[in-house]
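Same chain, two partners: chain A is paired with chain B first, then with chain C.
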Partner chain A sequence: MGFFKQKNNQQVQEKVIREDKMPPHRSTASLEKNIRYIQEELKNSTDLKVRLLPGNKQALLYLDDITDPDKMQRYIFTPLREMDGDIQKIKDREESDDLNKAVSALLEGKSVYIIEGNATCYFFNVQQNVTRAIMEPMNEKVIKGSHDGFNEDIKQNINLIRRRIQHRSLTIKKQTVGDYTESEIALVYVEGIVNPGVVKELETRVKNISSDALLSAGAFSEYIEDRTYSIFPQFLSTERPDKTVSQLMEGRIAILFANNPTCLIAPVTFYAFYQSPDDYNTRWLVATYIRLIRLFSFILAITLPSFYIAVVGFHYEVIPEELISPVLGAIRDIAYPPIVEAVLMVIVIELIRESGIRLPSPIGSTIGIVGGLVIGDAIVTAGLVSNLMVIVIALTSLASFVVPSNEMSDSLRILTFPLIILSSVLGFIGITFGLLMVLIHLCRMESLGLSYFTPIQFRDLKDTVIRVPQFLMKRRPEQLESPRPYKSNELSDKHGKK
Partner chain B sequence: MAKSNTKQKITLSQLAYIFIQSQIGVDILNLSTVLHREAGADGWIALLIGGVISIFFVLMILHISKCYPGEGLFEILQSTFGKVLGALVGFGYYVYFLVVAIYLLTSYGELINQWLLPETPVLVLYALLVISALYTISGGLTLIAKVFTFFAIILFIISALFLFGFVDAKFIYLLPMGQASFSEYVEGVRVTIYSLSSYVLLLLFIPYTEGSIKQKTRTLVGAHLLVISFYLYTVIVSFAHFGTDQIDHVSQPVLYMLRTADSVIITRIDIFVLAMWTVFAMTAFAAYLYAAERAFAKVPKQKKKMLNVYSASVIVLGVAYWGGLNEENIRSIIDFQDKITEAFTIYIPLLLFVLSFMRRKDKQKGTAQ
Partner chain C sequence: MKKLTMILLCCILLLSGCWDAREFKEVKLGITAAYDLTDDGVYKNTILIPNVQNSSQGPGKESTQFLTSTGKTSSQSRSNIDRRLSSTYSPAQLDVVLLGSNLAKQDIYPYLDAYYRDPRMHLDCVPVVVKGSAEQALKVVPESEVRPSEYIEGIIESEVETTNSVEVSLQSIGSELYEEGEDFVLPLMEVGDAGKTVSYEGLALFHKSSYTGKDIDYDHTTLFLLMKKVKGKVARISTKLYEGKKPEPDNYTTINIEDFSSSVKSKPDKQNKVRTDIKLELTVMIQEYPQDHLSLSDLPEVKKNLEQALTDQANETIRTIQEANSDVFGIGRSMYGHYPSYWEKLDWEKDFKEIKIVPHITVNIRSRGIFR
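== the complex of A and B ==
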């Protein structure tokens, strides 16, 4: 921020006034003047339609592309005919004598009815709703469990949540962000379970966002997260209503966005990125097994390449005797040092991944075959990379994709680089220092002022590294400092006692 | 951003882990050899006696802390010895903590240079250790507590790995008992108490812990017993593994013991243990560096406080580097440490202990009138 400070010739730009904060502009009794004002305010946009009604004494204004002609017929013209042209008899209308309000209403998809000789404008809601059907999110599929997902319509998303929590303490606070875009966001939480201090903190942070546009959930999280410079994600993003609801019931806050299917959840812990709705839908032993596999994959994903480099470069002694000659045989004829091999291979994998993402799936699988089989085989035969390194890097990238959360998997893949460099300089000691720094960093981090990475204690183990049966998980996570620490009214359950 | 340190509180279990982690430094790898040199095959008995005595020191520290509620070491020194003398003794403690930090740093550098990275400049290792310690300290007491708690798991992993030492162990090496003379026992006990001497640091952590003094006593004595049993475990394993003839000539018996151990998946467990030991070296070092930082706790500005820590760590780095240049320098550092350790870990705490009784009488008088 402070790299290029310009103190003297700082540019001055006009302040943009948000639509809901426009000063009122009284309408006049003249139909023509009113219409001209609105047209000028909307910069003579072509999609503003002015429909003069017979007699040229009344006019209906609307933005063509965001209004629904059917609704207009149903809510305005048909009743108008029935009421003999008296607009004031029609129900379901708003009225105002502020022309700026009329402009805002037009932008929202309402139509404005103006009458000559009358300073009042009448608004009718004839908005056209464009929604996608409810589908299962592409990147968060589950085997068992509900298959619905959020879509771009915030109302429908709230609907999906409300249907799952039918209680009066489910609170929804809507706000708008962005001076131009006025994007609607909704903070959703369950009053009485959520920590009120955290809600307050989040609300002040949201209020302090000053920006012309709010474009995505990711950008939004960068405005309000605790540590922008960290490589770890600090908001859990999901498109699944069931996941959102389970997090709400733990005492977290969900942030929904208009025109965006992503829902952000805060405050989170590091472990939340390793949990999947599937875990709660299978036998607890199976879920525990899968959780442990995920933990193992986490360790594998960040340390395996550096471990291999350290072993090959510094600590041959670690390899059992029988394996030494195959390992040495594999790397003897390679021209490059292991670190170059590793970086090369990692880049190849990233290329395959990145090129496959945006392609339609038939071509995507071709890329996979070309990349994986052809390059993988040829690169070894050409003597650029050793067999073992291909195995190591392939395993690493597999492990990094085990993480249920996409953002966390990206972070992990970046984390391998510093560890590779450290291990090629200092061997195991380098890896230790690298992991030490990562873990200290994780311990330092906070999510909305609550700790992000709590050391594993016995009580926290129950729903993090392993998953115990439901009746043993009687407490909400310690981290949240919830005003309702237990998950049920029955505190004296025989099972849950320590 | 940075919260003031005084308001941060730690829990009882965090206190226990801080205590454990600051006790286990690099020394313990070498402890069995040193004990054997001092007290022969009875070294482990000396360790046991020393451990029991050190429990009294822990209780003493707890009593001192009870008499000065809410005050850390440096504040206690001020209110006991008065302003000038208190500042002087406080500065003494500052120097002592730095010297211990230097000692930890040099011994870690030496260890790694000897075992793993003979060609790496030792300054690089020092710098890495200092950086990670500084990163820990700069987060304040709560971060230290969290980090130390997290890494406690390594203690259990390493304890499990030491089981390999029992494969070739002959417990007959521990016999005959009671052969050492009284003065040899005293030497052994002295060595033990020195290596368990981070109980002094407790004065800095107890006042910021939640819980009653009774709970704290229970926690700390438990943690201390855990540390002693870990010490005893390593010493007995290495005694039983090597026997009287060999152990005097091995510098890190625990590591040598694992070097020969044969596991199926990997060979040379010692390398892994050594890599993990880096964590212990870091935590113990960070604890002492933090203690030195607390000397400036009264400095109101956070920035200036960190500046003091940075300058302290530069001093530590400089002296450690100088110490690493040749044998003579390192000898003089260790000698200096030996000299002042006795004063700061035994005599001054004893003095504080005695004075705390007088203070209590004063208080009682004050309330009676």
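== the complex of A and C ==
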């Protein structure tokens, strides 16, 4: 495992000082000195504009690309004219005599006003907000229910949550991660429902992240998840506010990121990846039916190819009599052993999927047709892969796409490979061993210290494998050990009994 | 060291696994096998192997291949077949074993022994006795059949459904092959139509592990099976009710058995050593009564005649069974279970022919059909 070990002779590098922990640098009364200091600190970036006002006694500094000229006009120049050029009469401002604070302010998109002979700098918030409109997330569409989704603006995202939970217990804790990037993240939870131990644990883990940059939600989860080497996702990621809110109300914690529409939810169970907001919007019987199909698809996605390989490679006794001739006819003239067929087909499907993702949609659908129809048909006619194997692999990938969560779907497709290999060398015994390993791993896993694969007891079945009507789901999930275990105080609900 | 151990462990797992792989496409599956005894006293084994043409469109057309070989034992003749095949012969999907009557009259166990020992054999396979040569029956391949390899199996399945044949397999006769006190029957077939078809002829009575040469006729199988508490999806019996009516079909009726209960009770008897009562209660629907619409007032007479006719039929069957010395009702086993000390004194090999078996058949006519 030398690959993963830290090398002892790693170069020692200087620790980066974060913007908010910079030691103060007192400003002087000299305008020129102050401007020079700021210019040097910002490495003479060309987007730093220094605008000397008439008389060369006052200067306005700002970073051109992140400030809004309209706001500057409205909040600085117009009031300045009205106040006869006296900056101290403008109310909406901050001030400091620390030049390092001024640099930080510039980086945040504020403009800095400096006056010759005055050591105080004045900051005006003229930040330019670049936000996308609220749209439904592309990969989490629902048929019924709210169609809004998070976007890159963390304020707007919190707004969407606050509007849904109008209670003083909704707690939002903002922190920054990354020494250079200072990315803002927000932990959101409902005090009184969430397990306080879990919050403390999460806060400790976030505090201990040491990195120059926080680039994505996925990278963030790798810093704080319990088992980084696991194949299964341990944080539920979503871009839907309604899904986030329902998870918050169950007692989980949401982590929002600035400049990232993804929201991570923890602690989660395995089944959370199989729940969709649609389930709570349709009739419970329909929702149950669909849930069962999803769970069935989980089993199908990981075992179908390996089952097929085991049958034709080891246990052809189990083929029903009526199927012998069709199966025999299909695989008789195939040159390769079934495992090569399977791997080939899986790779073809992955190629089609991967090439389709990043192409613009008109070309993307062409790729689907070329890949799916032409290759699928030709590969069978050419005798490289049997048509049964095409059916098996196509069904498998369909089943893996049924999962509402994208990460889980990816995990499933990876999981197919070890099982294919095991089944091609050991048959059914191999599959049994493989599934046993997966099960042991799932049972050992934890999400923020709470068990990931909570025991399937009858009470928890109500919202995992099936979905019962709302009035029967009175308890919050057992896994969370919430201080408020019931969703309602009226335990003997009169609903439905007249 | 740790690394080495891990690599070796993986090798043990993977390499030994690959060794055991048996690819489906590299075997030739026998679907039906026939065993005959030649005049020289060696076994002749014929197998039917379905071959499928490559089929990227649809399931493909099946062609059949026949191979015949001789050998001292069934395994030897199997190896002799294997020598002539491009890939390994595997009997793992064998559905039907045809046994020629010459061979069946000897001991059938030696031929079937290999099937019981190998865990990969298909114990669900149906043994069938063929009057005359089994090889000839195997080679009957009607062109109208889509899957010629399933022809004989199809015949048996449909006869089981209409309560003319029992559902037997190598597994179900396994214990009866050797144990005393119960015998079994196997389906009996014969080549007909000048070698163009194979027809089902009834049930062949076995004693211990050899065919007695006596059979239960096709007409009597349904009643016999009902007494044995076996009923398929449908059970129909046609029987003669009257004498001398004109036209001839008026003498007959067909009943459809809707419900039945049957019990076989045996007890020691001074006169006949053992007395067995077979009680059979049938709830029937009249399916065919060509004479007239069958008025309610006629019903008691019909019921009486029906009971009489069925009892006669049952007596005839029982006589055949006793002549064949084939204890298919398991009377011996029942005696052994209930009266072990009495059983000690019996010589079942001889006594079975002497015991008294009395059928009691009652018929309840539930319906005369929707006609009236």
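Brief remarks on what is shown
Simple rule for what comes next: the second predicted complex is superposed on the first by the 482 of 498 C-alpha atoms of A that agree within 3 Å, B and C clash if a C-alpha of one lies under 4 Å from a C-alpha of the other, contacts with A are read in each partner's own complex, and residues count from 1 in each chain.
Just so it is clear, a contact is a pair of C-beta atoms (placed from the backbone, for glycine too) under 8 Å apart; a residue touches a chain by one contact, two chains touch by 3 or more.
In this text, all values refer to a predicted model and were calculated from it rather than measured experimentally.
Using the contact criterion defined above for the overlaid structures, shared-chain residue A:314 touches chain B and also reaches chain C. In the superposition on chain A, A:454 makes contact with chain B only, while chain C stays out of contact range.
When the two structures are aligned on the shared chain, A:436 is found in touch with chain B, with no touch to chain C. In the superposed model, A:444 lies in contact with chain B only, and not with chain C. In the superposition on chain A, contact of A:424 is made with chain C only, not with chain B. When the two structures are aligned on the shared chain, A:333 is found in touch with chain C, with no touch to chain B. Overlaid on A, the two complexes show chain B and chain C touching the same residues of chain A, namely 314, 317, 319, 321, 426-427. Within the complex formed with chain C, the chain A residues making contact are 311-314, 316-317, 319, 321-322, 324-334, 337-338, 380-381, 383, 387, 424-427, 430.
Of all residues in chain B, only 13, 112, 116-117, 120, 124-125, 128, 131-132, 135-136, 139, 143, 146-147, 149-151, 153, 264-268, 271-272, 274-276, 278-279, 282 touch chain A in the complex they form. Chain C contributes residues 13-14, 17-18, 20-25, 27, 29, 31, 50, 52-56, 59-60, 62, 90, 92-93, 95, 120, 122, 147, 149-150, 153 to its touches with chain A in the complex. On chain A, the positions that touch chain B within their shared complex are 314-315, 317-321, 426-429, 431-433, 436-437, 439-441, 443-444, 451, 453-457.
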